[in-house]
Amino acid sequence: MPDIDRRDFLKLVGAGSVGVAAGFVLAESIKHPVEYLIPFPVPPEDYSPGIATWYNTVCRMCAAGCGISVRTREGRAKKIEGNPAHPVNQGRLCALGQAGLQVLYNPDRLTTPLLRDGDRTGPFTQITWEEGLSAVADRLASVDGGRIYLLSEGVRGHLAGLFELFMAGLGSNRLLHYDFDYPHTLYAANKRFYGENNLPYYDLRNARYLLSFGADYLGSWISPVHHGLGFGHSRQGGEVRGYFVQIEPRMSLSGAAADEWIAASPGTEGLLALGLAHHIVAEGLYEGDDRDDWMSALAAYSTARVAEQTDVPTNTIARLAKAFARNQPSLAIGGGAAGNHSGGVDTLVAVNALNYLVGNLGKSGGLLFNPDPVVGRPTRSRRASFQTMLELAEDARRGNIEVLIVNQTNPVFTLPAATGFKEALAGIPLIVSLSSFMDETTALADLILPSHTYLESWGDDIPEPGVGFRTASVSQPVVSPLYDTRATGDIVLGLAQKLGLTDSMPWTSMKEYVEQGWRQIHARGADTETRDFQAFWRAILQAGVWGEKLRRDNGAFALDKSVIDNIGAQQPEFSGSNDDFPFVLHPYLSNTFLDGRGANLPWMQELPDPMTSVVYGSWVELNPATARQLGLAQGDLVRVESPHGSVSAPVYLYPGIRPDVIAMPIGQGHAEYGRYARNRGSNPIEILAPRAESHTGALAWSATRVKLAATGKKAALVQTGGTSRQLGRGIVQTTDATAGSGHNARLNSIPIKVVST
Amino acid sequence: MANNALGLFHEPDAALAAAGKLKGAGFAAPALISPIPMEGVEEVLGRKTSVIKRFTLFGAILGGLSGFALAAGTAVLYVHPTGGRPIITFPPFLIITYEMTILFGILATVLGFLISARLPAIRERVYVPDAAVDKFAVTVLCDNAEQFERAAAILRGAGAEDVQAIAEQHP
Amino acid sequence: MSVVDRFSESWRKYRKPGYYEDFDYAWTMTIDLDRCNGCEACVTACQAENNLPIVGEEDIARGRQMQWIRIERYWDGEYPNARLSFIPMLCQHCDAAPCETVCPVSATYHNQDGLNVQVYNRCIGTRSCAVYCPYEVRYFNYSNHHWPAPLDQQLNPDVSVREKGVMEKCTFCIQRIRQAKDHAKDDGRRRVRDGEVQPACVQTCPTEALVFGDRNDPDSQVSRSLNDPRAYRVLDELNTRPSVVYLKKVVTDGG
Amino acid sequence: MAAEHNELTYADVNRDVVRSLVETGPKYYVTLGVAVGVFLTCFFFPWFYQLFYGIGAAGMNQPTVWGTYLASFIFWIGLSHSGTLLSCVLHITNSAWRKAMYRSAEAMTLFSLMVAATMVMVHLGRPWFIHWSLPYPNQMELWPNFRSPLLFDVMAISTYLAGSSIFIYMGSIPDFAAVRDRTSGWRHHMYVLLSLGWRGTDTEWHRLGRAYTFLAVLIIPLAVSVHSIVSWDFALSIVPALHQTIFAPYFVVGAIYSGTAGIVTVMFMLRKYMNFERYITELHFDNLGKLLLLLSLIWTYINVLEIFTGWYSGTSTELEALRYKLFGFYAPLYWEMILFCAVAPLLLISRRFRTSFVPMLFLSFAINIGMYTERFLIVATSLSRKYLPDTWGLYVPSLVEISILIGSVAMFVTLFLVFVKIFPSVSIYEVKETMDVPRKGTPQWQTTR
């Protein structure tokens, strides 16, 4: 039992009149709840059947760090909703976040520690935690610290701190956080341009004009739910309707939501940004002191030249530049394919330059600089880029790695096959996986110590980027553990205990560690005097989130001349020649699977792709005109061949894509990962060229050229939608008037009667 | 005691004539038994009227009323607002009314038929199986032997092939 | 109450069309198409709240998807002027619902909240309501559905799991409405406050495109939304009088 | 017509009919065995499977939630439409040629109605609750919805089923009596019960004649209403191409059309296999052929009209529904229907064709296949192209559905085979009525008409 006694608990339940109860108290008796209609024939005193209890915790389905409230009934989690108090998502939640319940209740979870018999083709046998932890601890104790690697998914908060302590205790510096979709280039570009380590807060809510260079901010970029809130408010919440422009070769979710979709030539977003910047400066829309510096730095990006390079008409460039400068506050963001190209950092710096030129920095509706977070997070050097992973693979091949501990990350799936990462793992004698699921990487492990899911563990998190002020949230278990698994932190602490690292890590449980860490946050607070820590802690557990509503003083932002001089953008470089490989492959993060982590969730598999309504599979998006040229029809199975391999998928005729680009969603094509994900669709990452972005070493995943080969076969393209044309039936009606500005939309034929009471 | 005289004829006209003679001779109710409905019976034995049409009419009216009452009563007593319609909605209820009118009309007609034709028969009655094939029978109730002889004479005189005495109450 | 009383009361109350206006509530949803970005959070929220089954790839391929709220997508124009619009489609809770009149067993009818309700236990599976529904928002259970353990532990105890042969559809999260009414009653209030009850889809919508409330309350957010001149109803010409009202998408040419 | 076939005595008629009931050859048993076997394998077991699995065993989906089961339902209802209706009309108009065939025609009505009612069971998602559609007092105070066109169906079909069973039974009472006298054993007992003690007195004949005429008068509007009501299942919806005022007459004409074709088929079979050559003659085929020709022309006219109204509406929904029907996925079926039901029957202009038995049989098959297609198209083309294009989908019947369709035919055949052994399939007394009244000295009598 945690150290809240029953009396405390009852008080808390009483206090939680809005349905937010604190603490985690559940009897041990619900290990096998399936057997009872109501899990407790004789319920414990502190628990009332039929009354829902809500726990606030943090969503870990993506890196956004939304706060969630989990509704539980009879000790089971029933529904995840956004935590209304959380500044990131304000009560809202995306589809993937909703589906977190199916992570918890996934039928394919790993339920006990497993040890591999023999080599890595052999089966696993069940072992006890004691055996598992001892086996790992023995091995760790016997090898040189420098030969131990810990490869984790990107974690923040105290767990990241715990990893640091643990690896330091082992004398290893080989701690890496690897996420496929971590925006390395965005961090690098911000560092270069603003000198900031944190991402700024993008204030979409108050922006009146948004230029997005490839950032699918509503689908997969950084914090989709928060951006969704901002988008909605900007669209219809304010006096003036926000205008959204999306620049990307393939229309994403954000492209569909935008007022204008501009299909610039892939990889030329940076050029276009500089072209716009040139126009702004040249037309006198920028009047800063360093105007001449800008003029000279941008001299090469005249509208005409940029128009030619980017395939965007000159008048469009002029119009966008003017509108961007005049409609204040405006905001330019970049990411996605634009950021993950050969010159990704340059592109994003160019986007930052646009924000600078029209004065969007540090103001509402533009971008606001974030204060440093209160809880730790991995430094950027801990964030494994593509280059780092290649080095890891190289180390493995050379036999420099004795033990690799993998925590919930799946590099075997998210690294191109051409890197040989999977094969390189053979050079590591012991691979320990802490994953909750049998993913592709875990399938190669020798020992599996399955972690709790996030709904069963203690922890904390900070949203990255923040929301302009300091905030942090605690995650707490909402149900008692389903299986014989342990929280990642507890596994690490268990190992530390066995290794005698109790000096640096004296805690017996992750909860204790988190709680102790939060004493420091309590100490910062204004109410330190009035509230003791226990009261503060209970309040935090109830609210789920802590915030310090102090905006950082953004002050006057001074730009160094060297930054201006270094601004530039090149034509993109692709792997594969134009002649042999006529199409640019545009892989994109699906907003349901992200980098593939959502593929084992049946709700996500069954959720129609927003743009195509395809479920349960992969597809290749092709412009109808291109398809006509190639003689391909919807559903034809094609082979997509790059210089590094090929994958097959059915054709989807997609009107919102450049004719010289083909797009494929990332996320399907798992070889492992449970019944819902296995052997479904194909993974475009497999065939990507192992090309890194020049400054950061991030994978340039949109820089591969491919060709299409018809197979002559039809493939099942399972769609929920039928015909996606309206045929003049007025289903989605439009008006050209904006809210609050004297529109002339006709009233509908039958007035809606509003009856007064 | 033989109390029914039955004459069997080969030809319908002869049977009809025999029945006419019997009636003329004062016999109460001579009956014809034939394999097909015979034409000209009414001219000989008098006009027949039946109550069936009253049954049909009454049944149909009852059916119509109860059909509407069923639909409307259900709608009013067990209110289930549907489609924003008022609870008593005439067009659909008239269809129910119509169907019930016909159903009750049919059932009442059958009832009327059974009652007026005195079917199903509960007791044994005068019958010759040949009358269901190609013979025409005339039968008459006789109170005593003298009457039977008289009837038999008339029947034979009209050309009956065979005259039988059947000990059964004429219906 | 005697039969005569019952008769006279119903006759008085329901004699003429338009009696819906006297109902306790008139739950209404507005969907701002200018806000909706098609992210489909509503779809999953609904699946989680209402025990919607995972029907599987094979059944979806046969056209048997089961999502009470779905996002329809419509393309206009061709590249490079292609535009994609999304429209969430859920049961419109029509006041003049064609589905209600056709059900032979009254398994679907209008309740005192102005909701078009589906009584699963009463349904015999004629599927005629789905034929009569022009919005195609009624979903039929073509077979029994199974939740591989322990996925079944997620099932919401406030909502039934439907068996094969039963029609189902969006309920406007009637279980939440019931609960809100109970709370109001416990608190001694006559009516549910505006915003006190939100269906799962409305609750989760990241862009706040969905607004839910009682249109009998002129101060409610939904009533204000209804007065937006952009308000329209889908397939208005059919005169089904839906309780789901859409706000037109704004399309401007150039900044 | 050929007189030698018609040199019949009253006794011959009785003998022939009784023989058809009593003497049962191996051919009959083989046919019955096959029919029952097909019924079990193609109908019963697939249906059982469907009961366990759910309607998903069939190919229905969103948006085509109705499929072949409903098409079969309309088809069988339609097939029922000639028997009793035709019989009533001809009875009232006193057409003598009706008399040899009406019994089997009415049986066809009865059995196709029964098959149709079974198809409703098959169609339902939860057939075990079908009784909820009947108005009966119950503790739950739950009553059916009398506004529903489906409930109109329930009322109309049950009335029609009751009406036509009564009608065929009433007409058979004298024949049961005749057969009663010639049979023994269990058959005798059965006919004693069925004949209700009929003797054939002048009073009984009179009452029967009155009642029979009243029934006929009642059943004619009933039959017309039944198929109109079936059409309203569709026409009362607001589905494009179904929401049409022409639907009621369209369905009624279609029903009589397919029913008449069905009678041709049944007549052919009876003639051929029950040795009724002397009763069912070229005259009947000639008259039925004329009727078919007339009906086909009306049917074609309504089809043209339907296309015209669709086109004239000019709305996207109607035009799309029309386009889809004429040129879409199901278009081959549409043109097959036109060929079978509008073009092929034009052959009936030729009297030689009308009086040739085998070609008439094939034409009757063709018409009924075409009419089945029509019913299928009404369901499939309209439902797969409703209002919201995003919901459009295809519907292809599954094996279970096709099997059940075949099985339902077997069910009909089985019922008919049982019928011919219980009911005198040619009306004894009415055939006699068409013959000369017996006269002394002429042992042979000839039919006058």
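Things to note:
To keep things simple, chains are lettered A, B, C and D as they appear, and every chain counts its residues starting from 1.
FYI, a contact is a pair of C-beta atoms (placed from the backbone, for glycine too) under 8 Å apart; a residue touches a chain by one contact, two chains touch by 3 or more.
Predicted model only: the values in this text are computed from it and were never measured.
When each chain is reduced to the mean of its CA atoms, the one lying nearest the mean of all protein CA atoms is C.
Chain centre most remote from that of chain B: A (centre = mean of CA atoms). Look at where the CA atoms of chain A average out and do the same for chain D: the two points lie 65 Å apart.
Each chain gets one centre point, the mean of its Cα atoms, and the points for chain B and chain C are 61 Å apart. Averaged Cα coordinates give chain B a centre that lies 30 Å from the centre of chain D. In this assembly, the C-alpha centroid of chain C lies 42 Å from the C-alpha centroid of chain D.
Among the residues of chain D, those in touch with two or more other chains are 142-145, 147-149, 151, 387-391, 393.
Within chain B, the positions touching two or more other chains are listed as 80, 82-83, 85, 92.
Chain A has residues 613, 721, 724-726, 729, 731 in contact with two or more other chains. A complete list of chain pairs in contact reads A-C, A-D, B-C, B-D, C-D. On the chain D side of its complex with chain A, the touching residues are 316-317, 320, 387-393.
Contact residues on chain C toward chain D in their complex (touch as defined above): 59, 62-65, 72-74, 89, 98, 101-106, 122-128, 130-132, 134-136, 139-144, 164-167, 235, 238, 240. Interface of chain A with chain D (complex): residues 613, 721-729, 731.
Within the complex formed with chain D, the residues of chain B that make contact are 10-13, 31-38, 41, 45, 48, 50, 52-53, 56, 60, 70-71, 74-75, 78, 80, 82-83, 85, 89, 92-93, 95-96, 98-100, 102-103, 105-107, 109-110, 112-114, 116-117, 119-122, 125-127, 129, 131-134. Residues 53-57, 59-66, 123-127, 129-130, 132-133, 142-145, 147-151, 154, 233, 236-239, 383, 386-391, 393-395 of chain D are the ones touching chain C in the complex.
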